[in-house]
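Sharing a structure, written as structure tokens. Questions coming.
For reference, chains read A, B and C in written order, and residue numbers begin at 1 within each chain.
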């Protein structure tokens, strides 16, 4: 069975490679044109080779102080993920110890809120936050981002917790730990990959959000996607090129993160989501 | 040290400081009675505004901080309307608005008069009478730039094929036909912003005005744009699409600019504020080849089919900051120094502005009788409804008359919602 | 925290049945600008005693709902008195034209559902095929394939949509490539290609998610069942069908559920790729009404309808899950 297996393997690699090209081409092309001047980037006909320049990046990061947006994104994302996971773990753990209909109702809530388009909440947020005077603050944005995804987070974490046998709790309690200590010392290490996976969803939501971030905060507190979304529909092509550079800048940390954490993601999903 | 030496050394220091290159005084250094705090201003993303925002970045005197939020339209209009209309204090102390937004704010009574402030600081900031936008004598806005859509055309190609500069839309289409047949590098000679929604509705408004059409019945908010002039305007637009890229319904200003800059289109009516970008080698392959003139009329001898716009600064009634400080900051941002430094970025209202060839189109259009953009507060609603039906007319799914009638009905309903129609 | 979600929803419900307008009066004003001075007859809000405009808020019930759904075709004719001067086509034309335009919510819902149901099967199939494929290759290749495959899913949707836009725009890479084969296609110029483009984006964006879930699932297929099947003489296809697929069935449901919810919220591709020409989604419609028409009340009505649409979408699935719950406990 040697020869057919080799051919088969080659075909498989080709097919997978084709998918890779399709998956990566848009962002790779964007990266390529980000290193060009506008006249070459959007040239008609398409230019394959063009002079390379870093001016879009320098203009973006230095002149437009994109590093501030990067910092904002970091603050908002770290805040959202940590609050979201903390609340989610505690709630998910508590709820996991109740079987029955709880799971179902939680699922419904999670689904409904996850399908809720963010723009439907926008007018009321505008009004409420303006009235309270907390419109342009970090914690407002963090709170909103946490709240939007919380039902889903709780549901996901709960389904991970459900798979951990109660005996583990009991054993820890017998050994003299309080409920909370049992939770911290025994349960969490076991379901770490599950936490990572849920954290990833939370992270993506906070990092990639642009509708809420661009509406609820002002220029200096804007996160990166919000900042470049504005630049991209702007009325000058200098802005456009900076937006292109920004798009690539936003994606790079994501790529790095995926490269680092891909094994945890897989094992986390294997553990938890398989049970559904 | 004798007093003479002291004076001389002080003078020397002063001279030195004044002549040191690149050392300009930080902005806001000579504000009178400035109260500390943060001043928030919202505005569009035009190059001129980015320039102004950058100029004001060094404003940090005595605890004062100026923050510009630059947002592309239409979001900047929404944010301004939202902030100025909120029942609490406005999130923005000032806004840079276009005429259209100004009309909406003014009719809702959300702007405060700046007449006394203008009188107080007129000399200090050299505020010119031309810059003042007054309603019944009260200064409600201070305009600093003008804009209009005028004709861009490739002089080199026109000369090459012996085409004269188009004076009417018929001329324009004839020129487009010639270029399409004879000039191999040009496949779609006309590029204009026909994108569904705001852009195409503005095109309609321009051409409609050229036909002498009236949007509303005299003295009321009742619609009149579904008249013969409206039908003719739509027919003219449809005829033009034969010479445009099939993607015209998605062509916004950026796409049209790209077509010009890449040498793919040879003419069209576009915003004068974009003109200077034709000559930047980092963005354009046709440096120096594009010329500008008045927007064509729809019939020989008619007025230029376009509208004149201004952009200016306004202050809200529900201002949270200190009036005098905010006003001074706004005037500081629009002073002669800013204008001089950004001379080529737009068409400034100030007399110290030195017009470049990019401003030819606006001047010519104004001279050829172009009216200013309609200032009725309900105009925006009509504009919106028209923008919705244009794609159907262009693709032939609806006849112009039926589409305009439908838009008129829809407009009447939303005008009634807002209280303009009883 | 639930309060933070429940409260805005309540506010939205409240807003959707109301309408606030400024009271307008006709005035003649003298306007002067850089372009000259003129007298204009215009309308201006009536000022209250506090110097602010008088707002008149009233309860309008289902009026905005009917408007958004296009059910108000009949009512429009009372405004007909102020409508076109030539009465000859006036009555018939609005009635004929409205169904096409006024039903924007239904159009948006239609496209949103089209997008959802067109992308789902491809997402599941391609995701599964990919998972199987990656599962077959050697271990050293996997990290690369996995990481690269995940890219379309983790990219910021705005960035992803823009990247696709720049590939498919007039004279972009893809049309250029296609033109080499003689196919000339302007993607954004007609309805079918614009919609296809958004659907393609959707598939491109979600396949990685399906892939990673199925791949994880494949790692946990019970090896002894597979062994037993192999011993029993089942070939690869049969093993797939009788052992692997049943094991992965819950995952298919999971991916479908998540995708349905996310697809319902589709927004960025519609905004970035077409700006609403030829395609609208329910979220884009609410956003558009809020921002372009600047009518938070009508937008709230659209929002409520959108939320109701979720129920319609999810009910069949929830009923199934409920039944499973009762069975499985």
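Going forward, contacts are C-beta pairs under 8 Å (C-beta built on N, C-alpha and C of every residue); 3 or more make two chains touch, one makes a residue touch a chain.
Keep in mind that what you see is a predicted model, and the values were worked out from it rather than measured.
Interface comparison, B-C versus A-C: the higher number of contacting C-beta pairs is recorded for A-C.
Most remote chain with respect to chain B, judged by CA-atom centres, is A.
Work out the mean CA point of chain A and of chain B, and you get 38 Å between them.
Between the CA-based centres of chain B and chain C the separation comes to 32 Å, rounded to the whole angstrom. For the pair chain A and chain C, the distance between mean C-alpha positions equals 19 Å. Taken residue by residue, chain A touches two or more other chains at 42, 44, 127, whereas all remaining positions touch fewer. Multi-chain contact residues of chain B (touching two or more other chains) are listed as 75, 262, 264.
Chain C has residues 170-171, 290 in contact with two or more other chains.
Residues of chain C touching chain B in their complex: 19, 21-24, 26, 29-36, 40-45, 47, 51-53, 56, 67, 72, 75-76, 79-80, 82-85, 89-90, 93-94, 96-98, 100-102, 169-171, 186-189, 274-278, 290-295. Touching chain C in their complex are the following residues of chain B: 74-75, 77-78, 81, 99, 106-110, 130-137, 143, 146, 195-198, 217-224, 226-227, 245-250, 252, 255, 262, 264, 308, 310, 317-318, 349, 366, 372, 375-378, 384, 388-389, 391-392, 397-398, 401-403, 405-406, 408-410, 412-414, 416-421. Those residues of chain C that touch chain A in the shared complex are 1-2, 4-5, 7-9, 11-12, 15, 130, 133-134, 136-137, 141, 143, 145-152, 154-160, 162-164, 166-167, 170-173, 176, 204, 207-208, 212-213, 215-217, 219-220, 250-251, 253-254, 257-258, 260-262, 264-265, 267-268, 282-284, 286-287, 290, 296, 299-300, 302-304, 306-307, 310-311, 313-314, 318, 321-322, 325, 329. On the side of chain A, the complex with chain C involves touching residues 9, 12-13, 15-16, 19-20, 22-27, 29-30, 33, 42, 44-46, 87, 99-101, 103-104, 107-108, 111-125, 127-128, 143-144, 146-148, 150-151, 204, 207-208, 210-211, 225, 228-229, 232, 243-244, 247, 250-251, 254-255, 258-259, 262-263, 265-270, 273-276. The residues of chain A lying in touch with chain B in their complex are 37-39, 42-44, 126-127, 130-131, 133, 135-136, 214, 218-220, 230-231, 233-240.
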